[in-house]
């Protein structure tokens, strides 16, 4: 896996809010086609990291290098970065005043100025894959949480991103809907999409990932293949953390 | 276990909201000291059942018999029933304008007219057990979700109830706080408290229960000892349901 | 000798008797219509109508201070009587047929007609010139009634209060202003730059105290009072005290009041 | 009750009702424009203007319309500024209503969830596109109930303009009471006129609100 | 004219402030009574009885649709004439303001009580509180934090609306102002002063309402 092309490099990343340091010199590298899962205690900075990668936060130090160039470079437009990096949040944020199809088409048509015909076809195909072909004219309020989250994933994919970030996409869902969303993500992983996934579903993390990063206090404390990290964590902190999920 | 005294009997219980039937002739029996866990798909009526047992909903048919007498009997005051049956909800509803101690004491002092000295001592003892001795003067907004939920349990226990009902008490919690709350409930189970627990944490359900009820469409579809039901579900519906929680 | 009025059928007390019991008579007057009824710097009521009001209190209750003056506006004079907020209205109240249906008027104590004023440099020379123009009036006055009924093509601008009515003319919000001629004589005397376009419009009318329809005893008492006061020359005295200085020196008192 | 009187004076009430509607319309329009301008000044935090707008909002919300129009109508001519009655009425309604509208719009803009904006950012929308496709449609729908409450409020406030001789409903009623003393009949006609104007308006506004409501979050 | 310019305010301050008494009397009395009657009305509004619901709805809407000016006129003239009792402008104003205040206050109370989370009420029930205890220990203490800011801003609306009582002949601060203008012709300064005076009465209350609201929100 490590021989493949590097798509994303995080170098010595620092980020704080006021007095509080949230990211403390964080490093890691993501290769094309790789699925990385980040786990770690609440508040350790996982969401902040993803937001920095997508340019939603200003960073205090270090760099984020996407396909060879820094996203914080002055010559690079953040809008362009965001088209390459898709993100799906915990709080399925579809635009509440638009139908499913309008939600999906907004980015490709208005931002990327792509052909409506082509994008609509792609959208329909993806909707079919996530099992929601019949909902394209519904408004978000007519959908369940799991359905909304699947639409949000489709919306992101329709922009043809190089990487997709998932931030606890199932945290706000009813337990049964969790499965339908995770299945969609598992499927994408099998197709070779490059992804960073933040999740608290340990079983899912194990099943989907090529590599697991354990994060604490704004740093990567331990990383490894899923079997190793879950089966035999090396650091005390990771051990403690994983313990909480077992009976 | 079945030889023990019966504390609660649900007989052919019916309950609907408008057109929709939520409970469809549900039966079961709870013995003293028993811990029963109810699982089942979202919307199958688990919360509604607990609310009926606590008299928070009017029922349409059947009966709820607590310690030998119907709670819907006209000669019985609902307030008295509620003192015997404690309930803890998902949305840790501590009274937001009262401190932890005031929250705990309100029921015993104003409803049960018990001695302040005695109740305060009991409260302190229980607070110590759940690891929150130092928070008695805090307001709910100063506590984390897991802490609030533990206080809600103490508030319920301080009324000396005969049965305690738990309705997905960890569903709104951050994954790490889940453990601290479930540990408290496990502890209570070991002490022989009679409880009905609704949860989606299957590993916990297995660990805590004497008996599992699987509910669907307002009925108990299957019941059994945890090892049997999880290891070898007899009905198709239970099989399907449990499948969703495995990878 | 003032005789008590007829007591009505059911043996209820007459109005006069009730006023005497209360020890104070409530009289409605204007607060912003110099020189007839207005408020002095110290907040007290003054003017020709007020002068008469004090005399009435003196004759009715034996003390000219036993009067409570209530400030009215032209449009609500009848309502104040009907809703019994005042016993007597002495607010430059012109006697008309419509008003007679609503209240009872005693003997008159002043003469009045309508007049129109306009700025001196205005082209308006007669009432006919007002057609299509804007005429300012005080709401509820005979001027408003007269022009509403007889000149529908004159646009009326109606203000609640006298003050505002004249202020509007000064600010040029209308082409002319119509009001009681007595008032206009006084106002144009004080405010140079305005001319009386016509000082005698409509019919010659009279101004009289008004009381509630039920209060016939009070009406009778007032009739006697006005007759006695006219005979004594009280109104000439009041004219000299309150009006004379406000009118131009060539005004004939007989055009305004009933002399002996 | 004198029915022939009601019939005879009906045309005057219709005329006055039209005046109420006309003044109300322009006044509300003035309030909408003032409100929009103020709201954008506040939303985009335009430096000095922001302070001025804040002072204006407080002055407007904490003083009565009657004094505002008296000042415009009787006070200003003294310092040489003479505005017509209609102008005073519209400026007065605009001055009063502007702050109410500004607050309603601002409430709408601020209620657009931060997460909706981040969603927009994350698909690469620029500032203008964000305003056009995400913020405005939602803000309008959110502020609509408040805006329509302001419509009704301002329309009712026109009754105060009677005091500066605008021949609207209350003004005509007062005149008629003073002229013919048919108090009950006149007040009845007045009340009915307001019902006829305001009830349909509030029904129409309610309908528009419901049509726009799809922007709401919900289950 | 011995008064001119801004001096007119200082020379007549006594008479102007004399009118302020009536203004405040009407606003404060009405607000005080409305606070209690409004509570009752708010509770009525929450009744499940359809007739009570309808009647209270009509009552509230009547004040929302018909301008206060019209109410003042009706009460000042129509009621005394029909019932044959004399009521002064002040009393008419207080009656109308109290009726209006009851409606608005009731709506604030209803809104506050209904905004309480259902969970708080069910928690209360589940520890066996009676309806009265529930109201005393849970609903009232929580609702009051929403009611007080609303009541204060209702107060500012009342103070502002007292400006209308001059039109039914109450000698309030505006009526006094007009009398001064009649004598001095200084409309600009007097109306300017009245504008400022109302602002000084209402602004601190508005600030207080906003502060309390923010403080109690969290």
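A, B, C, D and E label the chains in the order they appear, each numbered from 1.
The rule is short, and it goes like this: contacts are C-beta pairs under 8 Å (C-beta built on N, C-alpha and C of every residue); 3 or more make two chains touch, one makes a residue touch a chain.
All values reported here derive from a predicted model rather than from experimental measurement.
Looking at subunit C and subunit D, the chains that touch each of them are E.
Looking at subunit D and subunit E, the chains in contact with each of them are C.
Mean C-alpha position of subunit A lies 86 Å from that of subunit C.
Inter-chain centre distance (subunit B to subunit D, centres taken as mean C-alpha positions): 53 Å. Between the CA-based centres of subunit A and subunit E the separation comes to 54 Å, rounded to the whole angstrom. Between subunit C and subunit E the centroid-to-centroid distance comes to 37 Å (mean Cα coordinates, whole Å).
Residue positions of subunit B with contacts to 2 or more other chains are absent. Counting partner chains per residue, subunit C shows two or more touched chains at residues 76, 79, 160, 164, 167.
The residues of subunit D that reach two or more other chains are 74, 77, 163, 174, 177, 183, listed in rising order.
Contacts between chains, counted with the stated touch criterion, involve the pairs A-B, A-D, B-E, C-D, C-E, D-E. Remark: subunit E residues 15, 18, 76-77, 80-81, 84-88, 167, 169, 171, 175, 178-179, 181-183, 185, 187 touch subunit C in the complex.
Chain contact summary for the complex, subunit D toward subunit C: residues 74, 77, 82, 84-85, 163, 165, 167, 171, 174-175, 177-181, 183.
On the subunit E side of its complex with subunit B, the touching residues are 117, 119-120, 122-130, 133, 137-138, 141-142, 145, 218.
Residues of subunit D that touch subunit A in their complex: 113, 115-116, 118-126, 129, 133-134, 137-138, 141, 214-219. Touching subunit B in their complex are the following residues of subunit A: 41-42, 174-179, 200, 203-204, 206-207, 241, 244-247.
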